[in-house]
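Common to both upcoming complexes is subunit A, partnered first by subunit B, then by subunit C.
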Partner chain A sequence: MIDPSPKQNRNARRAKRLDIDDWHVLIVDDQRDNLNIATEALRFHGAHVQTASNGIEGLEILETYSPTLVLLDLSMPEMNGWDMLKAMRDNPDTQKIPVIALTAHVMAGDEANVMAAGFDGYIPKPFSVATIVLKIQSILAQRQRGDAV
Partner chain B sequence: MLQFSPYLVLIGFSAVISIFLAWFFWQRRPAPGIGSFVTMMLALSCWSIASALQLAVTTLAGKAFFINLVLINVMIATASWFLFTLSYTGRDGWVTQKSVLGLTIFPVLTTIAMLTNDYHNLFWTSTSLTASDGLITHIFESGILFYVHTAYQYALIVAGQFILLRSVIRSPQLYRGQIGLLVIGALFPLIGNIIFLFIGTPLPDYFDPTPTIFLVTGICIGLAYYRFRLMDIVPVAREIIVENMVDGVIVVDREVRIVDINKAALKILGKEGKNVLGQPLLNVWEKQREALMQFRGVEQAETEVNLIVNNEPRTYQVRLSPLRDRHGNLTGRIGTLTDITTLKQIQHKLEDARQKADEATRLKSDFLATMSHELRTPLNAVIGYSELMTSGMVGDLSEQHWEYTDRIASNAKSLLELINDILDISKIEAGRMELKLRPMHLSTWMNELVVQNQVLADNKNLTFTIEIDHHLPETLIGDADRLRQIAVNLLSNAFKFTNEGTVTFQILKHDSQLWSIIVTDTGIGIPPHKQETIFNEFQQADTSSTREHSGTGLGLAIVRKLVLMMGGHIRLQSELDKGSTFTVLLPLITDVPKTENLVVGVTS
Partner chain C sequence: MTLVNQTVIVVEDTYDDMQLVSTILEHSGIQVHVARNGAECLELVKTMSPAMIITDLSMPVMDGWTMLKQLRSQPETNDIPVVAITAYYSVDVAQDARDAGFDAYFAKPVSPLQFVSHLRALLAE
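On to the complex of A and B.
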């Protein structure tokens, strides 16, 4: 469906900057495009971003970098997202860092598997550039409520 | 010269009944012992006739002739009786030419003794005539040979009765009635004869009631036949069924010697003729020694055995059951062999087909999952980059750049919709679509839909009216996501094909069983001949290449499949240039299931 795009639409759809200057985000994805898009979407709002293209690289970065959260793809060469999550949870230095799965696995049961594996959240691809930060915020808020209980 | 007595009528009557019974049973051939029985009845009838003539003639020579004839028929009748009991109780094997010949030796000797009495007077010591009741009758004094003859006749009758009695005791309850009747029949002539010979009767000496009494035997057997069909059951069960059974039947005794075997079993053994009877099964079936050993000492079994029969591998189902005497002691075993080779082959084929079908289903599901992942990944990039640009996150664009980028984004979103629709259709068709039935709050569900779709109305300056029936419960059971999919598809169609006027969205209570989602528009309408096909995949009312309306053509197909999965149905009313009304009727479920998350899988 190709909607006519009235001109006033352009201003309405202009992104409003959210204040997330204090966010340090590690994004792990083997797809360069996904890395680029997620990085831009977060940086626009002020977040600091580091990227890795597989689980091993991601873990290497975590040795010196302590992010606010990790956005983690599932299917990757070398080390996939499941194994990287497990390695992070096994390491006392990284086990408390929130990890959100960012994945194109969107068949029935995938979300349940992800949550069962210990991820803090699940964002299916393709994600919306306009709303990804809001989504992350709501996942983090939910997680904090969960911790408080 | 002949004389008359009223007793002649009685004797003649007996003769007629005997002949009738002989004829009657002759019609019922073949049945066990029927030959012997018919012979017995004929002999009985001859006996009666000879007895009548003996009374009627007045000369000593004539009387002697017919008395001899009576005695010959008595011998035939008793021998036939004995043979009948053997056949009837299943001892056919004993009724051979040799044994029948053996039975005739004594009567032949008796007959010779009888005919040559004039020379030795050992059969009759004296013969003379006398007058009694105005009739000329005979006085024949019995000699030693006559008593031997009589003893022999009684021996045969008693032996036959003994054989029948044994059968009565050993036979299943079912047959006791008929054999009991036979024994009663058999006792009659014996008792009658004893009374006649040793005790005496009020009847005159010259009248021999034995053939008349013997007739009772025939009538008893006739009754038994009619009431219990004895001539049918035994042979059918024993001979015809077992012998011609497709299954092999082997009976062995305690020492595993073959006692009985039918044709089918002989074929399996690769033997001919019944000369295997009495031989140890292990010797007869040397080739299958190993297969047989597993049944050693086993009384009861049901198992499958693979055998080579006629150089062909066959599979048999073997059923082994113990045979016991009435004290419960094991006397032998009966084994049946059923050829299940074809059945097995079909089973294997079915199993293969099922595995292949499962494999195909699995491959299809895997393919769907892979497709879904592989298509979404590049789409994510296209949509993501376009949105980065149109949202101004990566700097400003010229007017034209912005518009074209926006077009890239909306085309990519259309493609994504199409992929989702194809996946949905495939999932429904593969039976992998699951309905998650949960309580849903109707007005909340409807309000969300209205908020989502208001923008479509605003874009085209259409009126969007909604109605919710307050007779409906606030909460009902359904799959909110799939119901939303149905409503969104119907609403987006309504907005797409309506250029001015109103789109109405109603949720109504149809009756006590059904509720309905109704979407009405004032759009272009659907021509009657398209009203059926638009629910098929890739069908739009306008299929021309220049059609002005975009869309996958899958929306209504998905709607219909989902509605059917939910146990509902969909109706369409439409008029060209006036508008369309889609009515979805769904079962009204209000009781909350115990389980929070009831999942219903439906194969379409």
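On to the complex of A and C.
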């Protein structure tokens, strides 16, 4: 008998999820595939997710939904991520919500532009279900440390 | 047959196993989608055509056996290769998995290189 208690082990392993059950996340991205991977990864760990496919839809959702954070694609039709971020920062109801940019091509200088625009961090595409939640947690932790200073 | 840019759905309810399998696949350039149980995977295949599904067998809501049966009963999904992966090797489970119609059966621990080369061979068939 190699392992007499697989069931017990399985429950222990299941419990070892990332602790994000209380997260409410708004993901704004026009590319279905990216949006799906981010949604699946967050839901896997118990987070609640709402999605929008452009900035206008995203702002509409924010009128009635106060998420823990927003994941925001930069280039989208109708309204891009830069403009949606600006609108959020101009509105007292939404200006303090952490916003993480989802970037397709990270080139030298992109990171500086994203941070200068007021994003709290960025995650390059394509997304990885294995790491996306860890990356988000590390950006939020950094932001908290920044607030504490 | 290359695995790069292929889409694979990983069906796992435990964090460590999801993390292990998706990390191996993503390192090979595979785009990984994740579902927590068979029912979530059946929802996913309505919106995409994965090159392969890699699934745990025992899961809440809908297990891997039931999911396989459903996939095989639909013309749109009946030829998607489905690979079973379990936490512990069992001769009986391996036989049952073959009989049920899984395209392959793996037990952890898997060697990443061997695992990926097996998947590649399976896709080439």
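Everything that follows uses one rule, which is that the second predicted complex is superposed on the first by the 133 of 149 C-alpha atoms of A that agree within 3 Å, B and C clash if a C-alpha of one lies under 4 Å from a C-alpha of the other, contacts with A are read in each partner's own complex, and residues count from 1 in each chain.
Just so it is clear, a contact is a pair of C-beta atoms (placed from the backbone, for glycine too) under 8 Å apart; a residue touches a chain by one contact, two chains touch by 3 or more.
Source: prediction; values computed, not measured.
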Which superposed partner A:Phe44 touches (first subunit B, second subunit C, both, neither): both
Contacts of A:Ser75 with subunit B and subunit C, given as first, second, both or neither: first
Subunit B versus subunit C as contact partner of A:Leu18, first or second or both or neither: second
Partner chain in contact with A:Pro92 - subunit B first, subunit C second, else both or neither: neither
Touched subunit A residues, subunit B compared with subunit C: B
Which of subunit B and subunit C A:Val129 touches, first, second, both or neither: both
Residues of subunit A that lie at the interface with subunit B and also at the interface with subunit C: 2-3, 10, 13-14, 33, 36-37, 40-41, 44, 126, 128-130
Residue numbers on subunit A that touch subunit B, as the complex places them: 1-5, 10, 13-15, 31, 33-34, 36-38, 40-41, 44, 75, 104-108, 125-130
List of subunit A residues in touch with subunit C within their complex: 2-3, 6, 9-10, 13-14, 16-18, 32-33, 36-37, 40-41, 43-45, 126, 128-130
Interface residues, subunit B side, partner subunit A - complex: 368-369, 372-373, 376-381, 383-385, 387-388, 390-394, 402-403, 406-407, 410-411, 413-414, 416-417, 427, 432, 434, 459, 492, 496, 550-551
Subunit A-facing residues of subunit C, complex: 10, 13-19, 22-23, 26, 31-36, 44, 47-48, 58, 87-88
